[in-house]
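Two complexes follow with subunit A in common, the first pairing it with subunit B and the second with subunit C.
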Partner chain A sequence: MANTDMFDLRGMVGRHAQMSGVWVALAAMIIFGLLRYENFGSAYNLGSFLNYNSMFIIISLGMCFVIMTGGIDLSVGYVAAFTSIVAAYLSPWGIVPALIGGVAAGVAFGAVNAILIVPMRLPPFIATLSTMLAAKGGALVISGKQTVAVDWESSFTKLGMEKAFGPIPWTIVLVAIAAVVLWIILERTALGRTVLAIGGSEEASGLMGLKVTRAKVFVYLLSGGCAGLAGVFLASGFGAGQPLEGTGWELTAIASVVVGGTLLTGGLGSIPATVGGALLLGLVFNLLNFENGRGTISLSAYWQMVIRGGVLFAVILLQARMNKSADRAN
Partner chain B sequence: MSDEGMTVENRVRGKREPMAMISRHGGLAALAVLLIFNLLVTPNFLQAQTLAVNVSQVATIALVAVGMTLVIATGGIDLSVGAVMALSGAMAPIIFTSEFAQAYPVPGLAAAFLLPLVAAFCCGMFNGALVALLGVQPIIATLIFFISGRGVAQVLTNGNLQTFTNPSFSYIGTARLLGIPVQGWLVALIAAVIWYVIRYTASGRYLLAVGGNERAARMAGVPVTRVKIMAYATCSVLSGLSGLIVVAINSASDAARIGNLMELDAIAAAVVGGAVLSGGRAPIWGAILGAVVIQLVKYTLLANGVADEIALIAKAGIIVAAVYAQQMRKG
Partner chain C sequence: MQQLVSMRQVRKSFAGVPALRDASLEIVPGEVHALIGQNGAGKSTLIKCLTGVHRRDGGQVSLSGREFAADSPRDAQDSGIATIYQELNLVPLRSVTENIVMGAEPKNRLGLIDWPAAHRRAGEMLSRFGIDIDVRQRLGRYPAAIQQLVAIARAVSLDARLVIMDEPTSSLDDREIETLFSVVRNLRAEGISVLYVSHFLDELFQICDRVTVMRDGCTVAVREIARTDKLGLIADMLGRDRNEISASGMTALDGPRGEVGAEILSLGHVATGRSLRDASLTVRQGEIVGLGGLLGSGRTETARAIFGLDSLKHGEITLPGGGGAPRSPADAIAAGIGFVAEDRKAEGIVPDMSVRENLTLALLPRLRHAGGIDTRREREIVDHFIRALGIKLASADQPIRQLSGGNQQKVLLARWLATRPDLLILDEPTRGVDVGAKREIQAIIRDFVADGGAVLLISSEFEEIVEGADRVIVMQEGRSVSELPGEGLTESALIAAIAHVPDEVPA
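Let's turn to the complex of A and B:
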């Protein structure tokens, strides 16, 4: 395959074309929305769209790092459900303990993943599948199968319900900070470069003396922490810890990462394009909701699932074509 | 556990290292522990009814696990199995309650069995084509139907629960033969056929070759593309059949629930049974053993009043233990 070749210039050009393709598609959809729907550009829509998708963007960022090493993290959805309950329980003490507690719980699950994958050498798919089941079971146990209401008197719900400035919610501000920090880590630090090198070839990275173990542990802790933060947003934004949420989130995150042009085999990836991928998938829903609202069509939630699969299919076809043309060019 | 597809090296080492013995027979050991525990603790375990209940549940997991084993043998994975179950399970009642089936019961019933399986086959061909022809990673390729397959099923039924009384259709879910549910016999028959194909036919050896080393297989003239597509197609058809059985057992079809999280059970069963995610092994009887273990864990916990959520955690522990034992063997 072209993408395993280090000096594959045309393949890389194709890749970058796809990463920028995300922004072109995003821009096209936004222009379409602005022209077609009156309230699409409203502050309300922008705020609620960003607030809701902040959860998916943050887990996609963690997932991007994992996937760049050639791994996968299936546990993020139910870990987020688990940490939303932790945050809800901690909410009477205010925003900071709830935030820290939620993220710490997520990091703890990430640590379990890291232990299973690095020293015990389980395949990431299986290891994170197990923590996924354990997190779901754990979420049901600690919540007693009920949603856990947050303390409305404390400052906790401000995070998920109030705006930082203009239409921009606090959650997206945190996500933006996280994205910039992760971008810098990926592009400018030895750790970030090691993450990419591992995805290219783990064996070669180890032989070159890169700190492979440290980088692999880091990505799973990071992914767990990101899922933990998503859980905090969930509890704060919806006013309750939600043991039954999180189903399929891992697949949304994987899809966002792939739409952003990151290869599942690792070795290549972009933080901005991943954010773009998550926004693109979220926007598909937003546009469908507006189309439903106009009354010209009436799409049930079931149709939306079908369309979501269709969009993923279209993106995959596009990606496969680009890979093929890059291959042929060699 | 069957040993098809094991490399010579493993076979030799299996005789030498005690750890390898445990890992090769980890599934059997788990089964033995579960049986002994149940005999001692669970009330009324040694009853025909218990056997029938468990066999009827195992059959649905085992069918999918056998299909999943074939896909995993090529080095792939199929996340869409649960959604395919929902699709075929939603189609069958629509067909046999239609006017055509009311007017002509026999062709109607045949269509109710065949059309859902054809639909499942098409899903599998689609998955396989994406993986084998376009080179899409299996987890992403099968994600498409994972997301949209259940959506299609719910669009077909408007999301409604379909209940029905149709003794001839329910036969595959409720009938008994020699005291054992008929779907148990069906699974045994299908597993035997697939085991034979893998063990003794060229297609079967091709399957293992593709998973063992795809590049070498291609150079040796193995029709890699065709083999992969057939693996996904078979997996989907078996999932579709499993969906029909679930619907027949319940005499009801709820597209939102049929096969929900089945991909996890099937992958777990295949792995407990000795499948290796990197491919090259297809332990069919192992998959059945894995399905039995998964079901017995569920049953044991349920029969002893342990809550569902604890059962999930137990399942996670079992998967980790089984795969860790495999890793030990690889050294």
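Let's turn to the complex of A and C:
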């Protein structure tokens, strides 16, 4: 290795080269938006866009770790609904208890997933499907089927409604911190490498004496905690715990992870590209809203979903092409 | 008597690599015919050319005297050739009856399935083999042997004229094997032929009439089982002269013993299952101990037991550092053992991870620094091993799947060498690598031993064992049967020891 300074840089580029499709698509859409819509680049749009999508970014990050081990977590959406209610109930005591309580409730669901999947050896799909239903039912039970208003007097709503600086909301600051920590865990710790190794070959990982059990437990706890945090954002941003929210969030998260180039079979994945994937999916809606606002066309929410599906497909196709040419270059 | 199956001069290549060069196989009606050969001899390719899985490149195949070329396994089945694979192609969640009559269900006048008749027929089918079970139960509730017999019953019910059994006894216990054998004898009595593939040579003498021996893609011998013996079959399989084997075997069994260091591993009468019944051996510092034996003799199972992958049913293991039998690979690694597994793709590399990451995976606990991975030390270690082992690559950060087999194997060796083990277990360390890389890998192993390491070497290549090992433990059918000194050991002496049958001393 002649040039050790280049070592790390090439390492990063090497792993992330295959995920660059998401950045190309993201850049193209941002440029398109800036050129076509006057207020697209406004501080207001940026702030509200980031605030709304912070929920999806954070659950995508947890989902990314689960998928890298070759697993899946279907429970995240309803767990977020459940924890939004927990946070709303705790909001009179202020932001910190509500935040900790919401995340802890999410981690508890993650622990149930981990127990079902690791010692009890249930397939992740089945295990998290059960906790998904349990979380949905639980959310309706503890809320009495009503939205649970937060305490507007306490500091709690600052998290979801105020800006940290400039147009940047507090939620996205927390998400950014979480993303950086998770990025470091993935790229720079034995735990992160074990996560990737399990997805690559669980058998080989066990033969190397890696702590497979611990890593698998970790990813489900993490995913639960991330869903818990998303629930806190939900309650704080909309001023209420929402027992009926969360439907389809798991699919949005899975889509973000996949658009970010993470293999559903595990073993390969990237934190920045997952964030990029979540932003990309959110941006499709944002652009469609602006397009509707121009008044030239009017697309219903249903058509927007169809278009988002099309964009998802196009990005994945783009990525497959870029992968192929990258492999040929090697 | 007219041949049922006749395959002559069959050729088949995969991507230019010949798997069959001149293979032939003749089976007469109502005989039990064995097909044997070492790993890679071409047995399964030949069978697949018969059953329509592969299309042959050349040669003649006829069935009952008529030219025959199956396009698909289904086609072969319709022509009366049934194959019982190791992984049974049955549906465990459905009833025994359904599994037997599926696709040929008896119908009543309304065109619906006549279940009473189906159950009756399934029951009759099985009772012909002396099996009396509740055919309404799910197949999966019965043990492997019964499932295998159900597969055979299904084959016979479809009017099979030839039943191919691929390693039918590998998952059965002794009593189940007896049942299987009686079924095979029943088939023969009914005029149905059986092609029997097995690496348990003793079995052949119990139930087979004739045996075809393959080596390197060619059929090298066809023998009447009554007119040959185990030594003869092994000589055929390995391509040696039987007199040479037995003669040299007698002289080299007791030779001088070399200097050795302290004992770091010992196994006493270790058993983990049918494939490993009684293995005893010791490994000392600074020596390479070879495990010699045929396919299925228990070599890999011995390694798995030492590495904590299979739990012991009998016997004891003493690890480096004095600990007892490990309960997990992590235990074994902590005790100073490294294991380069036989199946590099499934058990060794993590394909999408970089060379650097693959190399340091087993080392991660020791690279921890302030909660993270000490990347500077990691780079130093990776650079050191890439240089020291001459690993050829574009960048340490390229995915390991892009490397050649030999270089992948070097990375795996480096992975374990970096943990500074006391003992390295190498299962087929040079399989599938080119000659140059092979020499380099062997030199790496030598260096490791010269520095005081110890190696347990498993190899199907007798040359590698003979050249490399300081001592050789010979294994037969799950047992360690003898020990040979490495010095002065010749390939034919090793082969003789492997072929040596305790109760019939070679003349």
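Please note the rule applied: the second predicted complex is superposed on the first by the 297 of 330 C-alpha atoms of A that agree within 3 Å, B and C clash if a C-alpha of one lies under 4 Å from a C-alpha of the other, contacts with A are read in each partner's own complex, and residues count from 1 in each chain.
Assume contacts are C-beta pairs under 8 Å (C-beta built on N, C-alpha and C of every residue); 3 or more make two chains touch, one makes a residue touch a chain.
Quick caveat: nothing in here was measured; it's all calculated off a predicted structure.
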| message | Applying the document's definition of touch, where does A:Gly209 land relative to subunit B and subunit C: first, second, both, or neither? | response | second
The answer to whether subunit B or subunit C touches more of subunit A is B
Q) Is A:Gly225 touching the first partner subunit B, the second partner subunit C, both, or neither of them? A) neither
So in the superposed three-chain picture, is A:Gly200 touching just subunit B, just subunit C, both, or none of them (first/second/both/neither)? second
- Query: Once the shared chain is lined up, is A:Gly277 touching subunit B (first), subunit C (second), both, or neither of them?
  - Reply: neither
Once the shared chain is lined up, is A:Gly137 touching subunit B (first), subunit C (second), both, or neither of them?
first
Next item on the list: Scan A:Pro123 for contacts with subunit B and subunit C and give back first, second, both or neither.
Entry: first
Subunit B and subunit C footprints on subunit A meet at residues 1
Note: in the complex, subunit A contacts subunit B through residues 1, 72, 116, 120-123, 125-127, 129-134, 136-141, 145, 248, 251, 254-255, 258, 264-265, 300, 302-310, 312-313, 316-317, 319-320, 323-324
Per the touch rule, the subunit C residues reaching subunit A in their complex are 307, 309, 328-330, 332-334, 339, 341, 346-354, 356-357, 361-362, 364-365, 367-368, 371-373, 375, 379, 383, 386, 394-399, 402, 415
Per the touch rule above, subunit B residues touching subunit A in the complex are 77, 79, 130, 134-137, 139-141, 143-152, 154-155, 158-159, 264, 267-268, 271, 277-278, 307-313, 315-317, 319-320, 323-324, 327
Interface with subunit C, subunit A side, in the complex: residues 1, 4, 7-8, 10-11, 14-15, 184, 188-190, 193-194, 196-197, 200-201, 203-211, 263, 267-268, 330
